[in-house]
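Accompanying notes for the structure given below.
Chain nomenclature is as follows: A, B, C and D, assigned in order of appearance, with residue numbering initiated at 1 for each chain independently.
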């Protein structure tokens, strides 16, 4: 998208000065095409996660016992909380598009910031309450689940200035050959953790990418690149963020709710 | 159809049959597969010739001529297009069913089939007979010593296949069938080998083998027929290759074996006599050397291969990739060497001899103690100065035993048939 | 249409340097012009084709003798290559087949991921699609440039993996071998990362083409006024978009498996190797049609133009392209008949036969298009005929591979090798050569030496068939693929094949000379040397910066030869009878 | 090929080939905050619903001892997820007001995904249709030739032995003490599952009692691969 700074329109906002690419007939056509192109990209994303869903589907069918045991080791409350967070962020993202369309820039920025914060919160919960304890056995001190381990908390075995408490016999729910959970009933249970970590990690990666894009949009909204007549990037990034949400909408029940 | 026949008369059917198939299928199913294949060949040949004839006629007929343009001609013709859509489709449906039925025949073993266990590993095959024994016959393909699996003729045999490491694929060209072999899973295949033609029979005496070897040597070739086996003297046999058809690494192309079909009664006599109980440690070790696939990577004559040669392994200093090194004195000590050899066989990755890759499959769980000791005894017997042999009746390392010489095969050896 | 073409405001060809040497280099490196990007792709792909070709020749040399020769040769040269391919012992003790295995992996990976998949779409397609549609550029020019750089980066990863010691997994990366081999090295991971990266480049190109076809067709160009090459590119692009992400996740999981030992595919960790094969072929079968469909498009176009004949059954060909694209997603199982369950094998075999139908339709249409044409036997046309010849063989030999009982015998033998070389090389590469000659004047503004080019084509044709037809017999006689040494019985056929491969080399060297010579001494190309009716012949040779001075308006179909005088052609050279010409005036 | 001439007078510059239809203007729809909030509310409601139903199923099974068929759980969760996804796509992603081509594209994508799952499942889940032996479950570390550090034991067995070894070191070799602590820790793990409100707290069965088939090398000695001897690993 090229902007013409050379024009004698210094007084105008950048978005008012925007003119479409030379090979398009109109910015409307360009907008439509860009959206279509991005939907094509989204379909590739869907199929990318399709691989994860396929692996899940196959292994759950092959090793139902292992998957039942595995899903029991996840806490639906963290999953549910993360779902709510992502849904809210999706709303704020959509709202920010509306605000840009209406030229309400300060509200747009606010919405974008909230979206970013939601993303951060999502990642924080994943890392502090989901990955770290399961992988290493170190619980975040604020983790409610810690209360169930009062008996097995190893005194003095802490990490990061006591922010993490080690719980004997809990950790080691790692994938594949790293698996170290001594109380598994089922030799196939590492397969569950393989799919769990691969799926959620790739999703988390998408969350991070989405946040980077949103941050860029935030900056450019601030600089006045986007406005009622030109907000293509805002819309595109919004679509991407909604897709990230969409994937999680399916991952959540698959991992946390189906026993 | 009569078109087919005219083509068939122009070229002799038989010629093409020989060109495509190196020999007739060795099972009924293989023969039916050949029929399908040859039918497909003529089907394809017909369409190809037809299309090319049209093409070249048109090209010759409608070359461009200066100052003339193509006359108007129909740019589509619905009935014609429907015709050349529907007619091939009908052919295809028929071909599909033809292939499908004989595929199911290949897949579904008869209820009375005798089950045998076939194991594949990097890079050899091992067959366990119903009585728990394994073959003791070996031959040479190319420069490699490969096992010979005796199979009774006209008996339904069902193989249960499993792999010890990576994927392999059990492929017998003469049976026109192939099945992939997986670790941690079984696959099965079955066959009913046709009776040997009688063109080739087992030697009736050691002298006969010797003369055959001599004549082969005189021709610059190499005798790859069976050794003299008492229980099989004079019995007809038919050899079929076993190949690994799924890429499995370094020695993939050496992972071959021979399926030797003999009359069922002869097989029963033979399979009773191949227990290993009577063998001395060194003989047994020599047998295992071939049977367990050691011969794929380790030579006994000091020549190059994937793994270090066993000749003089006992009594030669070793340098390992992890920096350790054993002196010749240490390696000459029986106890010390035995422990080193045992470790290297069971968990090879612990000490890798410098200059070699970490290629070997661990044999933990594949050898019992007697076999392990036998192998070590055999390796030591190939050493710089082998320890005195306590067991009676074992042959020296360079005996005339066929298995000993096999690994020093001339590069281009005639194949087993 | 020629009326709208006005030489008054002529912008100058896209090839004109923008100043000094470095200015020009920077201009090319940062260009968003689809034509320049197409040419850059062409150069990169031809270089990779050269690398893969050298590897192929090395393989054929090795197979000249039944036992290991090249690999075991104790010459210093092989020692050096041995070190290069991560096997310090090559030529020394225990060379094994390491070197051979690494070379055939190199050949397969380069030829598939870096040559054939991008060959036609990314080079000729990039250059021609917008011009054929009468557009100024592809939908997303900067994305287009990005895809080229991604391609280069991916190729660098792969080449790095080779220089770091080579990869011996085979281009299919079958687990568990690929997850366990060279466990202590990063090469395999690097190679997989390379393939993963190349996938992105392929996706970007696909998205670009789909949107371009949807949104940037010139005024008056309905869907059925598009050249068939555009149709084919469109179908191929759809496959690229829908299939490539699956190889993405496959390779990603493969990398996880090697790095973190998560076991989704490795049975030793509880995974399932057959699952990997499904993942892999869900991409890699459709992608076979990404390779061949654009080739078919080129053939349809070249054949119509070079014989000045309305293509027979335009809609049939267009729809069969889409049909193939659709069916290609439900037949991948025929790569796995030896490892799949009986039920799935049956279903996939039945579905596989479906592909034969649209393909057969295309061939019938092409051949009947020749009927009553005015056929010019120049290099593009010769290559088109070669395509029809070799591709028919490739297609027909697909039948015994789709038939379950015979496939159990032929699977993973040289029969398969011959089959896919007949389709991929005899199909895609031959069509690529046809298109390259056909549009060479358009791309570079110079004609090539016709007789020499035809000679090269014939040598390639002979070499190709000698090389690969013998391999059909090898396979049917039971010679498994990926073998470095084999039983003596196969030697004669292998030697024939090796000889053929060097004839092929000669043929391609002739072509190399022809192309270089055309730069040096080729005469200036007219705008429309073959008398084509599609829009690219309306543009100059080479086209100007933005392809057309005005946006062209399409008033006739792409192949209405019997009613329209080709642009830039003298009507007296093109005597259309009046009663027909009347039709043209709509 | 019949060809319809383009009339350049009636030619619409913005919509050169009448493909987009109403897409042109639809692309610029503005969805008001009211709609958005409504959708958000619906999404949150469905989230609560799906979690609640999942818990309900668990409760029914544990307290009323009514065993629901396995698919109830799946169907409920998945259909709710689908509804949520449709809401997001239709309103947040504006598919409802957008150029229909995007919707068609998504349908195609879903089609491809469905084919992918269906045919892969068709193979991997029907291995034993003809030959029961082919259905053998793949046991992690079954042949044990590839997994670092497990010898020829399944991963879990190896993991358990590693863990016991840790306890032994801790009690410097006192087996009894180690066993005792092992039991104690195990007892403490099951309440953890209580706490997370998953199952009705059925204690984990003795981890050493049963294992799946000990990989093919172990099963070879057995007549029937399905009832191979229990692991000889310990």
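The rule is short, and it goes like this: a contact is a pair of C-beta atoms (placed from the backbone, for glycine too) under 8 Å apart; a residue touches a chain by one contact, two chains touch by 3 or more.
These figures come from a predicted structure and were not determined experimentally.
Colleague: For chain B and chain C, which third chains touch each of them?
Modeller: Per touch definition, common to chain B and chain C: D.
Colleague: Quick one: which chains contact chain A and chain B both?
Modeller: Joint contacts, listed by label: C, D.
Colleague: Where is the C-beta contact count highest, in terms of which two chains?
Modeller: Chains B-C share more contact pairs than any other pair.
Colleague: How many angstrom between the C-alpha centroids of chain D and chain A?
Modeller: Their C-alpha centroids are separated by 18 Å.
Colleague: Measuring from the mean C-alpha position of chain B to the mean C-alpha position of chain D, what distance in angstrom results?
Modeller: 42
Colleague: Could you grab the centroid distance between chain A and chain C? Build each centroid from C-alpha atoms only and quote it in angstrom.
Modeller: 37
Colleague: Among the residues of chain D, pick out those that touch two or more other chains and give their numbers.
Modeller: 1, 13, 16, 101, 108-109, 112, 116, 120, 124, 130-131, 134, 138-148, 155
Colleague: Could you pull out the residues of chain A that touch at least 2 other chains?
Modeller: 29, 32, 36, 40, 43, 46-47, 50, 54, 58, 62-63, 176-177, 187-188, 190-191
Colleague: Which chain C residues touch at least two other chains?
Modeller: Residues 176, 180, 214, 242-243, 246, 261, 263, 266-272, 274-275, 278, 310, 314-315, 342, 559.
Colleague: Mind giving me all the chain pairs that touch?
Modeller: According to the stated criterion, the contacting chain pairs are A-C, A-D, B-C, B-D, C-D.
Colleague: How about chain A: which of its residues touch chain D in the complex?
Modeller: Against chain D, the touching part of chain A is residues 25-26, 28-29, 31-32, 35-36, 39-40, 42-43, 46-47, 50, 53-54, 57-58, 61-64, 72-73, 75-77, 80, 83-84, 87-88, 90-91, 93-95, 98, 101-102, 145, 147-149, 151-152, 168-170, 172, 176-177, 179-191, 238-239, 242-243, 245-246, 249-250, 252-254, 257-259.
Colleague: Which of the residues in chain D end up touching chain A in this complex?
Modeller: Checking each residue of chain D against chain A gives 13-14, 16, 20, 23-24, 27-28, 30-33, 36-37, 39-40, 43-44, 47, 50-51, 54-55, 57-58, 70, 73-74, 77-78, 80-81, 84-85, 88-89, 91-93, 98-99, 101-102, 105-106, 108-110, 112-113, 116-117, 120-121, 124-125, 137-141, 147-150, 154-157, 159-160, 162-164, 182, 184-186, 188-189, 191-199, 204-205, 207, 210-212.
Colleague: In the complex of these two chains, what residues of chain B are touching chain C?
Modeller: For this pair, the touching residues of chain B are 19-22, 29-30, 32-33, 36-37, 40-41, 43-44, 47-48, 51-52, 54-55, 58-59, 62-65, 67-76, 80-81, 84-85, 88-89, 92-93, 95-96, 98-104, 106-107, 141-143, 165-167, 169, 171, 173-174, 176-180, 182-185, 187, 241, 243-254, 256, 304-307, 355-358, 411-415.
Colleague: Considering the complex alone, what residue numbers of chain B touch chain D?
Modeller: So the residues of chain B touching chain D come out as 75-76, 104, 107-109, 117, 119, 128, 160, 162-165, 183-188, 361-362, 364-366.
Colleague: Please output the residues of chain A touching chain C within their complex, sorted ascending.
Modeller: Per the touch definition, chain A meets chain C at residues 21-23, 29, 32-34, 36-37, 40-41, 43-52, 54-55, 58-59, 62-63, 175-178, 187-188, 190-191, 193-195, 197-198, 202.
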